[in-house]
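One structure below.
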Amino acid sequence: MIDKRVESLASAVADICDGATVMVGGFGEAGSPIELIHALIDQGATGLTVINNNTGSGEVGLAALIKAGRVAKMICSYPRSLNSTVFPELYKAGKIELELVPQGTLAERIRAGGAGIPAFFTATSVGTPLEIGKEKRTFGSREYVLEFGLSADFSLIKCKRADPYGNLIYNKTARNFGPAMAMAGKVTIVQSESIVPAGEIDPENIITPGIFVNRVVLVENPQHESALVAAGVSYP
Amino acid sequence: MSPEMSNSEIIGRTRDEMAKRVAQDIPDGSYVNLGIGIPELIAKFVPEGREFIYHTENGLLGMGPSPAEGEGNPELINAGKRQVTALPGASYFHHPDSFAMIRGGHIDLCVLGALQVAKNGDLANWSTGGPDAIPAVGGAMDLVAGVKCIFVVTQHCTKQGSPKLVDECTYPLTGPGVVNRIYTDLAVIEITPRGFQLIELSPGVSFEYAQERTGAPLLPIAP
Amino acid sequence: MIDKRVESLASAVADICDGATVMVGGFGEAGSPIELIHALIDQGATGLTVINNNTGSGEVGLAALIKAGRVAKMICSYPRSLNSTVFPELYKAGKIELELVPQGTLAERIRAGGAGIPAFFTATSVGTPLEIGKEKRTFGSREYVLEFGLSADFSLIKCKRADPYGNLIYNKTARNFGPAMAMAGKVTIVQSESIVPAGEIDPENIITPGIFVNRVVLVENPQHESALVAAGVSYP
Amino acid sequence: MSPEMSNSEIIGRTRDEMAKRVAQDIPDGSYVNLGIGIPELIAKFVPEGREFIYHTENGLLGMGPSPAEGEGNPELINAGKRQVTALPGASYFHHPDSFAMIRGGHIDLCVLGALQVAKNGDLANWSTGGPDAIPAVGGAMDLVAGVKCIFVVTQHCTKQGSPKLVDECTYPLTGPGVVNRIYTDLAVIEITPRGFQLIELSPGVSFEYAQERTGAPLLPIAP
């Protein structure tokens, strides 16, 4: 019978292997699955390609994973947030690769990866340095660039409520990349603030249907990145 | 026509028995899309100890059985436009999300009917290609292009007695090389690089009987 | 101030012009905006291109619009439903054009039209007669066809509840094409079974944000196509 | 440098006055995306009798003002990652849907800051292109490619006194020919096929004063 709950953060991320591509949900701290990322640091996988809108802040969560030297390449739209120092230093030192993708193109590429669309055209980045190397084509009177779907070996996301089938709802603007990354991850691992019996979430209100989710782990009181950064916490 | 073929006695599995046989091969926990016709019957035969989640492409995961008489809702239907129910843990979604499930490879298994299946796995199930036919495809091409494993369940022959398992499809394709297994009234057959590999004959059906009704060689079960 | 409610069905569809492209929501009868379609029949626009999954049934709703000779072309996936006789007759008589599109490709093309994506690649229809005339390309080891975004001058959809900003929720599987068509219509016109004050629909549960909606008209007790067909009703 | 340019007296509009001036040109009922910096101030100045709906690309339509001290929620933020509120009628959505609003042409107006604007409407606002700069683009390229009308609000000159309104951008572009209007401390300027068309000078600013601080000809207001 179907029950996607796993007992611990450690077991949830146990099979993430060296060199894996990992999508990490969140926009800034909203929706960032800090506890799953910390479990991944403890687990030790390295040489990762990480897809996230940002590069974390302070020395916790995603920034801590980067600081620990586990990330070979970031695919993101904005690696220069407030309190983001770990990535810039490694980047300037040539120790981490960056693929810069406009935010909407990033979101659409992730959705495409999850929806079986290998490539699509978009007007974003036409006439800018980010069009370099991209195939261009005119439709109607306008130029577009070809962009490719993105998928991942694993997606780590955070939600507000889940059920044992992996149906999810999110909290406010913490929803952001979660639903698309759940679709695009071969294995989608979710930390949820609560887990309720099947049927308790109104089927009209489910944002991520369970078909996109493989594992759910309960993290009842997740930490807030900004509070950790303000307190000067450095993980581990 | 052999004497057996004109025999009015029922030989091989009934529709319900075919559906039940398919259900035995569906792994526990599978996300399954069931086509219209015999595939719809499969939902009645979930084996003890297993759970399948049914997807209907018009926008529901966790589809349950037909409602009791008079309790249906015209806005809760399946892809065949028949009224259904939603089980605990079900979810509703719009068409692009529903087909992202299909086309993105998230559905584990799809069971479809067929007009013809070729020995290389080509499937024809949407049109006879007749000059007077109104072409209608629905979600069939999306399903065969996107779902990991395609089972076909069908009568072995047409009502006129022609084989549906053929050397090459003469009807327009739904998808090339997409079928994994075929469940008929007479046999269970796997598509392999060498062609139709017999897996199992239905009770009371001989190899020769099945072969006579198949439009390409049946590879016998390895002894 | 923003208030998208309009007084009557007639005023909601008043500006649909001859030759317009009109998306009509619904999968079979679920989600079919019958009252808006009947208002469009009364209004008289003709030479329409209509995008819907089917072609209606009996002689009400979409089938009645087709029967009245107002539809020059249908773009749909399945024009051969139970009780569908109007379209087949006109089609065989060569009096209506048909563009047959696989259902998932239709849904994705409509979403693309609403999302600013002029074209995308999909595996659906490769190796079948429906690939004829389409550009093909290989990504990885697989072939795909190029499909184009679809948009419309007007979209007519049905929902369960709306607010004056045009935020919408739907009912069960009647949701189907509504959200994508709301995105893809230059003018999106909605019939809703109820209209509530802004803020009464939980912002977490809104399926179509009001930005995609132009007009909302109250139809408290919409008719069911199957009941009308069973009763032998023919509109007008 | 002219004597005026070294004048420490404030000439022209303050940041708040610039924001208020932009707000006057936004039509009632507009769906508006506000960039980070001066654009954020616009929300304070909705003219009497009008209603704007603010979109923030991280996933909220109907964004309201900052929360009262201590009442914020770290999971209710805007694109600048600042805590905000949601007004009645607001809705939350995921990133692909949010950028479908932007890229699909559904947002009426976007107000952005700028490093440079060229007389043909080219905008540079994401990178100075320096060899040591960490490139970071966020949603800026999506906004200028997808939103119908792009307003820029910016100081007329850099802190060093160089014009930001230029003949040709030297910084990497965010988008070519995308800007419709520019609101600065000194003037309101429309991009036209002929170049920078002056619409309005700020109180106390002369044409010559504004022209001296602009890197391309300012077309005077028609008499």
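Note that the chains are named A, B, C and D in the order they appear, and that numbering of residues resets to 1 at the start of each chain.
Definition applied: contacts are C-beta pairs under 8 Å (C-beta built on N, C-alpha and C of every residue); 3 or more make two chains touch, one makes a residue touch a chain.
Keep in mind that this is a model prediction, so the values were computed, not measured.
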Joint neighbours (chain C and chain D) are A
Relative to chain A, the most remote chain by C-alpha centroid is chain B
Separation of the C-alpha centres, chain B versus chain C, in whole Å, is 30
Chain B and chain D have mean C-alpha positions lying a whole-number Å distance apart equal to 57
Separation of the C-alpha centres, chain A versus chain C, in whole Å, is 34
Touching at least 2 other chains, the residues of chain A are 108, 111, 115-117, 122-123, 170, 172, 204
Chain D residues touching 2+ other chains are 86, 92-93, 96, 99, 102-103, 145-146
Every chain pair meeting the touch definition is listed as A-B, A-C, A-D, B-C, C-D
Residue positions on chain B within touch of chain C in the complex are 56-60, 73-78, 81, 86, 92-96, 98-99, 102-103, 129, 132, 134-142, 145-146, 172-177
So, in the complex, the side of chain A touching chain C is made of residues 108, 112, 115-123, 139-140, 142, 144, 148, 169-170, 172, 202, 204-205
Residue set of chain C touching chain B in the complex reads 27-31, 77-82, 87-88, 91-92, 98, 100-108, 110-111, 122-130, 170-180, 207, 224-227
The answer for chain C against chain D in the complex is residues 1-2, 111, 113-117, 163-165, 167, 183, 197-199, 203-204, 206, 209-212
The residues of chain D that touch chain C in their complex are 28-29, 31, 49-51, 53, 55, 61-62, 86, 88-93, 96-97, 99-107, 145-146
